[in-house]
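The chains carry the letters A, B and C, assigned in the order they are written, with residues numbered from 1 in each.
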Amino acid sequence: MADWVQATPHLQTRRPQDDILIIRLVNEPYNFLDRQCFDELNGIIAPLDIKTTRAVILTGGVQDIFVTHYSVDEIIDFGLSVPSWMPAPPFLLRAALRLESLIASLGLRYLTRKTLFAGIADLNLYKEVCNLFRSKPQVFVAAINGLCFGGGCEFALACDYRILIDTDRPVMGQVESLIGLIPGGGGTQFFSRTLGTAKALELCLEGKTLTSSEALELGLVNRVSRAEDLLDTAVGVAKHLARRSPYAIQAIKDSIHVGGSMTLSEGLLREQGWFGGAALVAETHEAMKKYTRMIKEEQPQSLEDFDHYLQPLANGSFFDFSPGSARSAASTKASKTD
Amino acid sequence: MADWVQATPHLQTRRPQDDILIIRLVNEPYNFLDRQCFDELNGIIAPLDIKTTRAVILTGGVQDIFVTHYSVDEIIDFGLSVPSWMPAPPFLLRAALRLESLIASLGLRYLTRKTLFAGIADLNLYKEVCNLFRSKPQVFVAAINGLCFGGGCEFALACDYRILIDTDRPVMGQVESLIGLIPGGGGTQFFSRTLGTAKALELCLEGKTLTSSEALELGLVNRVSRAEDLLDTAVGVAKHLARRSPYAIQAIKDSIHVGGSMTLSEGLLREQGWFGGAALVAETHEAMKKYTRMIKEEQPQSLEDFDHYLQPLANGSFFDFSPGSARSAASTKASKTD
Amino acid sequence: MADWVQATPHLQTRRPQDDILIIRLVNEPYNFLDRQCFDELNGIIAPLDIKTTRAVILTGGVQDIFVTHYSVDEIIDFGLSVPSWMPAPPFLLRAALRLESLIASLGLRYLTRKTLFAGIADLNLYKEVCNLFRSKPQVFVAAINGLCFGGGCEFALACDYRILIDTDRPVMGQVESLIGLIPGGGGTQFFSRTLGTAKALELCLEGKTLTSSEALELGLVNRVSRAEDLLDTAVGVAKHLARRSPYAIQAIKDSIHVGGSMTLSEGLLREQGWFGGAALVAETHEAMKKYTRMIKEEQPQSLEDFDHYLQPLANGSFFDFSPGSARSAASTKASKTD
């Protein structure tokens, strides 16, 4: 494996194979996430091209720490920046967040950062980077090498896949309520949409910290791994999922995250729009042709036969979606050369 | 049990008792669902009257196959029908789907089928039939006698109740991503609304195939049965649920599928609208009177007593909702003869 | 512990400590909820001030009965009040419910109660009281001492935390379908948002009754307790959660219940609005300062260290949010004396 490259002040990167990028956060001593880290992450992740990168692994570069939590000092500063005479009910803060999003979309975030809205900009930036994990055609795998509380937990939950080191110590959880805060990076949303309302309430109200087996049983992580094998396991998952069609990955992520949060009829329509788009991708067309040919030739007869014939499809040896199949999702219409 | 009747080219039917209809799909060799099958299904299910049919069982008539998946040949044809120079981003495809729904509601689908929108019409037809399972007052039970992948899995998931044969072979799952597609019949929606976001992502991205015990543990099927008992088990479930009030069945299905996908306040209101309607149904009125009388006479005193007195209610021997209680859901207002 | 006070005709109250209120429903012989009970509950809960009350425990004052269910006699009366010639489809009932809410907000519910809309007013009142559980900054704990069916189950499910007596007898469930009704107090919504669509359908269609271990395994209750320890356990949970910031409790409840039922982007924004508000609360500011000081001084190095330092935060001995931290949620903006 190549050596780590110091890509930005707090981020090191490495490519275990050409199209897989590992990003390692190093922000000593506690690997707190903060404005600076998110600026750096945004700078690396936003421009990632599917032609060169199919999967991204995020991990922590401090012993036993993925991300302890978001920088509390920055949250304190946000509190200090707002004059105490100023009313700040949630609906006004939401309006400020919407406004700052608009300003940022005009490229003017640097201006808001000089005002008392700097904290608002930080909240939006956090959300934008996590939205990238959900909206890009790459697969995002969190390799959680240790502490993963608060904003770190939400950061991991925004990824597509989570692998956690095996430990009996509490290592993961939305602990914000312990100091009077609440999750601000999507923790309440992810918990309620993954665990259901009752469990989400219990965990967030208590600020419960979870061991790796608790996190696995709840379904907050997809897999647990020995600490020494963590990165290898993550690379294995990344390789496996990177063989899937990037268009399909993007479409599935959007259908589940966005479509699954809409009314049923809107969600069904959203999925169908993506399905239609996927059916028009050239590589998918080839894969479908190859599959129907295989079925006609091999004539599977039993559950055993199908199990046998689906294995190569599952592991990607039957059809490996090449980088060329990747297009900008919103405008994909593949040329069919058939 | 009566013999199978060849109702349409691909569908055989049988009635184990007057008000229960078994529909068996026979589309050799792999029981693929396709446009033709859905036309036939629509023709049988749409006009079903609650006065004559209280429950529908859907099963497969090929050994070890429920529905292998939707016809890939038809999806390929859809891809070929759209010229490669034509942009087809998801938002345009959604607009086309909406437009075709409108055209179909005017009875003009046969026209769109002659155009390049034929595939769009197929997607809408699939959705319409599955919406019937969710919106009709009958109970729909899927008796899954074998392979149930892709569009077959979604077809089963649209039913109210699923019974799966016991097998150690992978038999069920949304495998679309293996050939670059995504679920298009609601798989991402059903998975995310039943299993939560994290598990839905994992299963759909991987295209994971599940054994019967895995499907049961996840909650994708309600029950597992020995293959030789499958249909008897399904008939038992159908008989059990068919004793419930059809108005209540329709109301519960809508409150959960539609109401449960709305904001909380809209969902609560939707449930309440149905609750009010149910309270006005004549048979429900009778059942409530009989229940309050029983309580007054028997005076249950303990958890044991209540357990005892609720048994006949649960098995339907206390009050069996007769066919007459069924009305068109949107306009039910029972006459009260009390 | 102080003696029970007969606060209203059907409600007894007691305060095991100053800021924790136990409300015990006594409506012999079956502890049915009804219009009168909800009027009394509303009268006690709506005006509760966070300065004097941090947690509320709801329990039943009849042996082995929490709430058997809502009064069926009242539902029968509702049915009788609506003339049989009057059409009452769900959409008209929803319109009536919306209209009655408006009338009630003008303080005129006493008028509607004299009309055939009395039952509509009861449905709205039920919803309003349960909405209080979800929207107030207090923690609501249901101490379920026995039968908890139908409207009783929904009443418990509207609380933040549920503790159920340990019993092998069926004790909890949405049984409405057994007599042709459906849940009307949110049962379909809570089940689908906590258990997912498939399990919600199964339980509501069947009208399934659950033992305590079944309810615990499904996640419908947070804990099971021996009957004789039930109230002590509930008080323990109340004390534990009452040490959290009321602003955070209110914010987490809203973010999960309301935010979690919106589209993902709206839900994320809702959470962020509350997060920003929490960061501005004076006590939270102090807690954050104390926490960052602790980290700087103690310099935790390992998972073990963090486990050790988080214990006092979790049990509230590190920072106990005093009553003064509580403000009206919609307008909280704390003064910062730093």
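Details
Just so it is clear, contacts are C-beta pairs under 8 Å (C-beta built on N, C-alpha and C of every residue); 3 or more make two chains touch, one makes a residue touch a chain.
In UniProt terms, the chains line up like this: A, B, C = Enoyl-CoA hydratase.
Remember, it's a predicted structure, so these values are computed and weren't measured experimentally.
Interface residue usage between subunit A and subunit B, two copies of one sequence, is largely distinct: under half of the residue numbers at the contact are used by both copies. The rotation relating subunit A to subunit C, fitted on Cα atoms, amounts to 120°, rounded to the nearest 5.
Distance from the subunit A centre to the subunit B centre is 33 Å, each centre being the mean of its Cα atoms.
Looking at subunit A, one finds that residues 193, 196, 257, 262 touch two or more other chains. Note for the complex: subunit B touches subunit A at residues 29-30, 64, 68, 72-73, 75-76, 78-80, 82, 84, 86-91, 93-94, 96-98, 119-120, 123, 127, 146-147, 167, 169-171, 175-184, 186-189, 191-193, 196-202, 204-207, 209, 257-258, 261-262. Only residues 139, 157, 160-162, 190, 193-196, 219-220, 222, 240-241, 244-245, 247-249, 251-253, 255-257, 259-260, 262-265, 267-281, 283-285, 287-289, 291-292, 295, 299, 302-304, 306-307, 310, 313-314, 318-319, 321, 325, 329-336, 338 of subunit B touch subunit C when the two sit together in their complex.
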